[in-house]
Structures are given as C-alpha cells and as structure tokens.
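Read from first to last, the chains carry the letters A, B and C; within each, the first residue is number 1.
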Amino acid sequence: MANLKDAGHLFRMAAVFAVGIVLFLVLRGIFVPKTFGQYGHYRAAAIADVAAKPVVFAGHQACEACHTDVHEMKSKGVHARVACESCHGPLAKHADDPTALQPPHIDVAVLCVRCHEANIAKPKTFPQVVSADHSGGVVCDTCHKPHSPKIDTGVGQ
Amino acid sequence: MTITRRQLLILLPAAAIAWDSILAGTPEESPNYKMTDHWWGMLIDVTKCIGCGTCVQACKAENLVPDGYYRTWVERYRIAEWDTEMPQVDSPDGALHGFPATTQEGGKNFFVPKLCNHCADSPCTQVCPVGATFVSPDGVVLVDQKYCLGCRYCIQACPYGCRFLNPETDTASKCTLCYHRITKGLTTACCETCPTGARQLVDFKNPNDPIHKFLETHSVQVLKPYMATKAKVYYFGLDGSVR
Amino acid sequence: MHGIPVEGFMYPNEIELQWSVLIVLYPFLTGLVAGAFILASLERVFRVDAVKPTYRLALLTALAFMLVAPLPLQLHLGHPERSLEMYLTPHTSSAMAMFGFVYLWYLMAVLVLEIWLDYRRDIVVRSQATTGWTRWIYKVLTLGSTDISERSLAIDQKAGWIITIIGIPSAFLLHGYVGFIFGSVKANPWWSSPLMPVVFIFSAMVSGIAAVMLIYMFMCKARGTQIDMRCVDTVAKYLFYAFLVDFTLEVLDLIHRIYESDESFRSLDFMVHTRLYFPHIVIQILLGTLTPILLLAATQVLPLKEARRKLIYGFAGCLTLIGIFAMRWNVVIGGQLFSKSFLGYTTYKMGFVAREGLLMAIALTILPFFILWGLMELLPPWEETHALDLSPVVTAHGDD
C-alpha cells in the first residue's frame, strides 16, 4: 500500500505517456490517407494520379488514322519504322483537334543530321554522312523526300 | 495530301472515338486495363542505338522533365584498345541534343540508352521511409508526388543514378515508364519516337509479346546484375565495360 | 549543367549532391547525444564515482543536442510539412523510418524520464521556492505530485537505474541506427559496410565524452570553481579507450578496402587522395584522431602536472570534436563526390546563406549551447545546489 502511494508520481508520468499514445492513434486515424495499404505500403490512389497525366505524343496509329496516303508512302520506304512524331514532334493536341493546332514547320537542316550525321559510335550499317561534304550546303529535302528518303527506289520524287 | 470530304466525315468521328478511349483517365476507368494482367519492362538493343537523343527529347516533352535532370539519357562509350576497365564515357546534357562528332579514330565505340530499370526487388522502394515510392501491381516503380517528403534517400539508394529531386515539386522523380500511356494501350514516348527501334516496351505477362521469343534466341543482360535488383530493362548487345 | 565542375563521367543525375552539410551535422549532433549519455551511464550503472560531477551535465547536454538534432533534417526535407508521415505510415523496411521511433523512444522513454527522475526532488522544491514565471515551469514539471519523501525518492533511484540499464543499449541503437542508414545502402560502396554502425557508435562515444569534458571544464572556469581533476582524468581515460577502439575499427576498414581492392577501390582511392585529402587525411586522421590519441596517451603514461594536463585535455577535446565532425563529413559528402560508374567526380557547392548552407549549419551547432545554458539555469547540474535544501517543504502527499 505504502509503495503505491509513494510511486504516485510515476503513475502520473505513465498517464502523460498514455495521453501521448492516444493522441498518436487519433492523428493516425485522421491523417493516414484512405487508400493507403490497399495494394501495398503506399497510397493506392497514387497509381491513378500517375495514370491521369495528359498524353503529349499521339502515337503513330493516331496519325495513320487520317494521313493514310503518307502512311502508305512511308511504309514502302526505309523510314517505315520511324514514327511520325520522331520528326514532327508531339502532336496529341493536333490529333485531338486537327484544326486547333497545326504541326510546326520542320527545320530540315537541323533535323536530318541529328540521326544521319556521321559519328564513329553509330552502328556501321546505319546510313550516315558527313553533312558538310555530302550535299555541298544544299538542304537535305532538295534531293531526299523525308517520307521515303532513299533516292534510287523509284518511289516518291 | 488528298482526302475527300466524304472520307473525312467518316474518319474524324472514328478517330475521335478511338481517341476518347485512349484518353480515358485512370487504369480503373480505362476499359480493359487490369493491372494484374501486366508486368512491364523494356528491351534495349544496343546495336541499334544511334545516339540521336530523340528519346531524351520525347521524354522531356511528354513528362515535362525540368532542365538539367533526366528521366532517360544516352551514354557514349569509347574503349581504346583492350582496356575495358577504363572506358571513356560522356553524356552531354544527357544526349538531349545528340552527341558532337568524335574526331578520334579507332577503338570500340557505341551508345547505351539508360533509364529506370523498374526493378522488381528495388532498393529504392525499400528505403523510402513513408511509402511514397513503390512497385505497382503491374511492375512499374512509381513515386507518389503528393506523399513524398523529399528526403532523397531513394535517390541515394538507386544503383543506376536514374532518380533526381524535381526542383519544381521538391519531390523525388524518375521515369514512370510512361505509365499514363501504357495503361491506355500506347507505348512509352521514348519507344514511340526511337527511329531505329532500339527501345521497345515489353509486357512479360502478354503471351504474344515478342520478348518471349527474343529471350529464347538472344543473350541479354541487365545493368549491374550483382546488385540483384531484379531489373526489368534488358539489354541486348551490352558490352562488359558498361557501368 | 548546374554549373558544377565535373571530372570524368558522372551519371547525369548524380552531378548535384543530394545530402548537404546539414545531413553531416545530423549524425554529429545525435552522436554527441549518444556519447554524452554513455558517459552519464558510467556513473549510474558502472558506479564510476569519479565522473559523478559530470553526470547531470551529461544528461542535460544530451537533451540540448537531442532537441536540436531534428532541425537540420526538417530544413533539408523538400516537404517538411509532411514529416509526420514518417510516424503515421512508417515503412518498416526503411532504416530511416524506424529510426524515427528509435529517436522518439530514446528522447521520451530514456532521456526525459531519466532527467525527470533525477531532478524531481529539485523540481518540487523549486516549484514552491521560486517566484516569477519559472515557478509555473516547475509546477508543470512536477506533474502535480509534490511527494519527495524518502521512499518516493528511493523509488526514483530504482526506476532511474532501470532506465539507465535500458538506456545503454538504446544509446547504442540510437547511433548504430544512424550508421545503418548509411551502411545498408548497397548502391554506395563508400557507405555499404557492416562496420558502419559500429564505427558510428564508437565515434559517437568519442565525440560525446569529449564534448561533456570540454563543457564541464569550461563551466567550472566560468563559475570560478575548481575543476575536479580526479573526474576529468577519469573522463579523459575513457575518452582514450573509446578512441583506441574507434581508431582500430577505422584502420580495419581501410586495410580491408586496400587489400580486397574491389571495383570501387581505384575510384575511392583517387578521391581520398585528391578531393578528400584535406578533410580526410589531414583533418580527420592526422589532426582529429592521431594527435588527440597521442596527446591522451601522454597523459596516461607520463606523470604530468595538473595545469599541463588541463591544457592537453582542452586541446585534445577540441581536436576530437573537429575530427569526428570531419569523419561525418567524409562519410556523407565523400559518399556523394564520386560517380557510381567509378569514372568520375563532382564537386560539393555549399551555399553560405542558403537554407542548407554553412551559416545555417553554424547556427544549428551553436543553438544547442543556448538551450543547454537555459537548461542549466532551470535545472542546475552542479554539486553545490544539491545541498540547497529549501526546507521545510512538503513531504506528504498534499498539493499546493
């Protein structure tokens, strides 16, 4: 009996700790997001957050839906596997509403060399030229049609 | 191009309907997308990479990546003679504008595209103190931008250097495998725009995915296999000198 | 990019350092906490009476530093307002998350409790004897109980002893965990090592003991009282022992790295000889470890006069603290200066007035001393005040 009375202050301290723990549990109930833990130790709604980001590149299928003749020409040439937006840039807005956004004009002199400028690290079989020596300053699309660039195939002039 | 008005009248609504289904917001809302049906990865054919940097530009445009930070990048390797332990490597601005021409002759030279490897046993998600980064049920390592504290522990823990702190959001950021695209049937921005097909999105759970045949007939590698992170970006034609 | 000079090749996202000088400061401050507590426990548990004059001082020092240590972390976070998440949804696989609980446990269940139990009599006495606003602080601290009977004080002693027993492994856990936060990162070969927690523990003990020794000597001087040489000689002895263990561990790590010479070695070796030469070789090893060890060894072996010994202790203590800070610097900053491709190095651009800059680090280092001063005013740790028995005070259970 005497012991317990003398330890009264310890019980008070224990009460302080108990209050702290209860407060912690209350905070937990309030602040932990509702979807947390659904699939794992994370907020499941975050997956939807990421998936809801806007699409910026339309993807070549969207282009081909309208631009069938270009697609036909391209698929017979050496640029068959090059996606439209590799050269034309992101065009989801254009695919969404063609009249609202016109694809920007391409600076051919800058674009073609990005891939085709000769570089020792590029695969040997990849067509590459030293542009300064290749055309004598003439811009690429004077001779090469970008949608079917190979000159001697007879397709596209 | 020549399209008749009649063709347009048929094509436009069809395209609009197709587009709508592509734009459907979430994987839950997206028709036919069930997370457990997919297990995403990527296949990179090093022998095809031309170091044009189109993938880096496309990623930056698609994901609004801030200047000076990279969700994907391309490295150029140069191994003079036989010393594979000390290659010369560079990646000017992550190869955003490609590479300047090399004047040196000889040696072995090639490009290596890099990105988040979406490790199935990722060390970065292991160390996150709050659960702000995680492996989704379909195998993509994502960051919860609303929950991340910006402590940067995950950035320290990634062996591949693919994470960074986004200065605009003050949270950790990295390649999401264009999750917002792949859940709608599109491919990633980098794979879409790669002109040589060096990068290909892969779905291991899809029995028709060409990766299965490819793995049977080719030797592939992951980066830093000794880290045992179960990386899901496979490289074909990767040289032993690649770090 | 970023205007940061890079040598060789770094992965593009590695160029900018992630963890700044504030993250260097954090293990330094928590190390002082753990070390100071171990010194206090020497008296309480191991009955090393000689160090009794530093007992209460060590506890207050630990508390002052423990209150400040979370501040560099908060300043570093991208979203400090979300930091509660670490307690609400801790990721059990993350050393950083679990450390939050270790810290909280140590602060509340060990340090605060032990201080409260040891000071309780003084608190009750002062809650009745003092006037002004401090009276209310004491009143709150009594938790409403004014019982300072012999029996209740005996219970306090018993409870305090138990808490100290629990506190010793807790102190090891406190700083071992910090070491583990670094040591468990397999991606970083400068950090990844099973030795890391042990090295951190012993360097913490070294820094904590040195800090308390210096503060004690300084406060004696400031208050014009005699320095208890028996006390300080004993503290210095334990500092010396701890230093020997710490040095042995660091040499072991070094020899192991050199001998195994794995793929990271060449790059790390180059880094230590160039970018890290001054902080690592000169400051940490020569000035911060070997010099104090030799000085302390001299005091242990040679019969030196008291004045000479005081001078050496003061000097060695300061060098020790600088050396241990350098060790934290070399671990945290050094671990980010080299590329994980082992082909390049970057530079740490420390801001001055920035949120994570040098000025902030200095301010945060000074702040605990102000808090300690406040604590010493509120709860004086000096022997003379124990005799201050402001009787007749309430010994029964009546309330005021």
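As a working rule, a residue touches a chain if its C-beta (ideal position, glycine included) is under 8 Å from a C-beta of that chain, and two chains touch if they have at least 3 such contacts.
Only a predicted model underlies this, so the values are computations on that prediction, with no experimental measurement involved.
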| item | value |
| --- | --- |
| Chain separated most widely from subunit B, comparing mean CA positions | C |
| Chain pair with the higher count of C-beta pairs in contact (A-C, A-B) | A-B |
| Interchain centroid distance [CA atoms averaged], subunit B/subunit C, Å | 43 |
| Inter-centroid spacing, subunit B versus subunit A (mean Cα positions, whole Å) | 8 |
| Distance from subunit C to subunit A - Cα centre to Cα centre, in angstrom | 46 |
| Contacts with two or more other chains, residues of subunit C listed in rising order | 85, 89, 91 |
| Multi-partner residues of subunit A (at least 2 other chains) | 36, 41 |
| Numbers and ranges of subunit B residues touching at least 2 other chains | 131-132, 147 |
| Subunit B residues touching subunit C - in the complex, by the definition given at the top | 68-70, 73, 75, 86-91, 93-94, 114, 123, 126-132, 147-153, 155-165, 169-171, 227, 243 |
| Subunit B-facing residues of subunit C, complex | 1-2, 9-14, 16, 18-19, 76-80, 82-83, 85-86, 89-91, 93-97, 100, 181, 184-188, 336, 339-343 |
| List of subunit C residues in touch with subunit A within their complex | 84-85, 87-89, 91-92, 108-109, 113, 116, 120, 142-145, 147, 149, 151-152, 155, 159, 397 |
| Subunit B residues touching subunit A - in the complex, by the definition given at the top | 1-3, 11-12, 14-15, 18-19, 22-23, 25-28, 30, 35, 47-54, 58, 61-63, 76-78, 97-99, 101-102, 104-105, 109-111, 131-137, 142, 144-147, 176, 179-181, 183-184, 186-187, 189, 192-197 |
| Partner subunit B, residues of subunit A touching it in the complex | 33, 36, 39-43, 46-57, 59-60, 62, 65-70, 79, 81-83, 85-86, 89-90, 95-96, 114-115, 117-123, 126, 128 |
